[in-house]
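Two complexes follow with chain A in common, the first pairing it with chain B and the second with chain C.
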Partner chain A sequence: MANVLFIEPDKGLGGTYVQAFEHAGHTVHMAATAEEAIMTVDEQRPDVVVMELQLPGHNGVAFLHEFRSYNDWSDIPVIINTYITPAKMDQARAALKTDLGVTVIMYKPRTTLQRLISTVNEQVRA
Partner chain B sequence: MQYTGATHSEEALRLLASVAEQLKFPLTSILRKAELGTLTGDLSLVDANAIQMHANAALTLVDSYLLGLQLLSSQQSLPLEPVSVSSLLVDVAHELQAMAKQYDMKLELHIGGKYEPVMAHRAGLRAALVSLGYALVESYPHAGGHIRLAVHRTPHGIVTGVYGDYQQINAAQWRTALDLKGKAAQPFTALTGNAGAGLFVAEAILQAMETRLRVSKYQKQKGLATTLQPSQQLHFV
Partner chain C sequence: MKQLVTPAIILSRTDYGEADRILTMLTPEYGKVTLIAKGVRRIKSKLAGGIELFSVSEITFIKGRGGVGTLVSTRLTKHYSRVVGELDRTMLGYDIIKRLHKATEDEPEPAYFQLLQQAFEALDNTQIPLEIIKVWFFTQLLQLGGHTPNLRLDSQGRPLASDQRYEFSFDSMAFTTSPDYGHFNASHIKLLRLCFGGNTPHVLSRIESSEELASQLLPLVQSLQTRN
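So, the complex of A and B:
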């Protein structure tokens, strides 16, 4: 099973993700900010990162620029699970995938736990 | 509180948009909590389905409202594309199915016949039809009713909408409701016991696409529908 890092500023929702993923057999780490996430990646070396783009302090894009600047972490898949609607994400979608190595972009309100778990499983297997 | 002048209206709209954006947070939490409850066995599937259906309906209304605002405030003309109404209606029916089941209603899909694609904003048209569908399912006066998603052709274009046994729906009442929109707590007394927001959100999205929601009739059933123009480009091909 995988070592999953969630970057999720909403602690209530984050708690739900932790319970669901642990129930599915994964090990889960939680970070609420980009700064916290960098430290957690350094300490835990997750197999996959699931993140919100709208973060307090440094936003998700700033995190991704820093995250992808480290060679050791360049192969860690990143799944964006965000409140930003698909219509608004349209312009940024290509840049996030091509320049920042984002593998999957999902709209958080419509992404069920089961779908998120299966997406993480697919990314870990890939 | 009374708003006067454009600045206050814009401020009020922005505030309302922020409220709508923020409403997504608790609604998403409710949806995921309910799902977690079924995964861990803490919540029965029946209860979880009911919670998820209501939260999904609210989320759809919020999403559609925000999309309508985005489309209406867009400085550029909307990117219209050829859209197959039949396949879009299949997608809409899939979205409405859970709610129809919860309200003990039968959802029918009438997409027989061959229709050329229409020029539309795909996400906008989908959101408008889903909003309309949710609003009409919610307002249906009795359980066991039939609601119909349909597409048909008229001399004016391709008509698509939601139909049912709405005895009291007529063009005059719809016009009155549009006049009362945002002013009365229950602008469409003949149809809904609430503010009818889903109907007006659907209307706003369609207006952004330069079309309207109108009272329509299909196979002896009444409903609300919109008329779309076939894609000329593909017509020639």
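So, the complex of A and C:
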């Protein structure tokens, strides 16, 4: 199965993701900040990144620009699962997908664990 | 070889081999310089230190053959940390860097460095609305490129009047009278004059209704920038 990196500042929610994704057969790495996430990508080379955009310190957009500036990480799919409402995301959607290679954008309050797992599976298979 | 020292702002970064990075930096004295930063590919936090975006650093470098020099050292002078705190500000910050990179030749005037530094300062001040920063930035870019519209006379050569409504004529780079359908009035034109007059976004943000006026002017200045 896949090597999944979660960038999630909410530790409680992060713990839930670890349990659910490990149960589904994936290997899970957690990072709470953009800085931690860059180090984890460097060390673990995940197959897919699932991230919140609202992070303490450097936000998710800053992470994505840094992440995509490395050629060897350019093909790692990124799923955004965020509390930012779809209406607010509308302005950023095109830039995130076109410039930063985000493959899927999900609204966290409406995303079930089952749906998140199946989206990760689809991205890994793609 | 002679080492050169200058303030610099990063415009772009990319990989070079296993451990190095190639940075394109904007400097006031040497224009755009492309430099190899050796051994920074595997540093622990790539989002920190003297090669971070939205920062001004003092760099020491050696000019190289073929246009690619070597970065010897960096010392962070100022990091505009609030730019990376809010998503909308961060996205605008990257957009500004991208547009400035695209709009400038290899040896742009020092004013482009000042423009980028001022843009970072404005983005770092969370009290300044983004619409104002956008309009201000586009007008500065237009002015540096030599594309200032006529803000004194209309397309017929008559002085712009405070009680008229206007549209903008891209052909004549001036406002044209349009009593029934004109989108712009004296307040819009005044804000544009202040933008082209070199006022900072901070000053512009203190003008009454400037945020609303800026959002109405944004499509116009964006079109002007795209056309020029």
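Rule of thumb we're sticking to: the second predicted complex is superposed on the first by the 126 of 126 C-alpha atoms of A that agree within 3 Å, B and C clash if a C-alpha of one lies under 4 Å from a C-alpha of the other, contacts with A are read in each partner's own complex, and residues count from 1 in each chain.
Assume contacts are C-beta pairs under 8 Å (C-beta built on N, C-alpha and C of every residue); 3 or more make two chains touch, one makes a residue touch a chain.
Treat the numbers as computed from the prediction; the structure is a model and nothing was measured.
Novice: Could you classify chain B and chain C on chain A, in the superposed arrangement, as clash or fit?
Specialist: Aligned on chain A, chain C fits beside chain B.
Novice: Consider the C-alpha centres of chain B and chain C from the C-alpha centre of chain A, and write down the angle between them to the nearest 10 degrees.
Specialist: The C-alpha centres give an angle of about 90 degrees at chain A.
Novice: Now for A:Val124: first (chain B), second (chain C), both, or neither, which partner does it touch?
Specialist: It touches nothing on chain B or chain C.
Novice: Check whether A:Met30 is in contact with chain B, with chain C, with both or with neither, and answer first, second, both or neither.
Specialist: Neither: A:Met30 stays clear of chain B and chain C.
Novice: Chain A residues in contact: does chain B have more, or chain C?
Specialist: If we count touched residues of chain A for both partners, the winner is C.
Novice: Which partner does A:Tyr70 reach: the first (chain B), the second (chain C), both, or neither?
Specialist: A:Tyr70: touches chain C, not chain B.
Novice: A:Val18 in the overlay: touching chain B, chain C, both, or neither? Say first, second, both or neither.
Specialist: After superposing on A, A:Val18 lies clear of both chain B and chain C.
Novice: Once the structures are superposed on A, label A:Lys108 by its partner contacts, choosing first (chain B), second (chain C), both or neither.
Specialist: Only chain B; A:Lys108 stays clear of chain C.
Novice: Chain B to chain C: minimum CA distance in the overlay, Å?
Specialist: Checking C-alpha atoms only, chain B sits 8 Å from chain C at its nearest point.
Novice: Using the touch rule from the top, collect the residues of chain C that touch chain A in their complex.
Specialist: Touch residues, chain C against chain A: 12-15, 41-42, 44-48, 53, 84-88, 90-91, 94-95.
Novice: Residue numbers of chain A touching chain C in their complex, please.
Specialist: So the residues of chain A touching chain C come out as 34-35, 38-39, 42, 53-54, 57-63, 65-66, 69-72, 84, 91-92, 95.
Novice: For chain A, which residues are in contact with chain B within the complex?
Specialist: Spelled out, the residues of chain A in touch with chain B are 10, 12-13, 16-17, 19-20, 23, 83, 85-88, 108-109, 112-114.
Novice: Show which residues of chain B lie in contact with chain A when the two form their complex.
Specialist: 21, 24-25, 27-29, 31-33, 35-36, 39-40, 59, 63, 66-67, 70, 123
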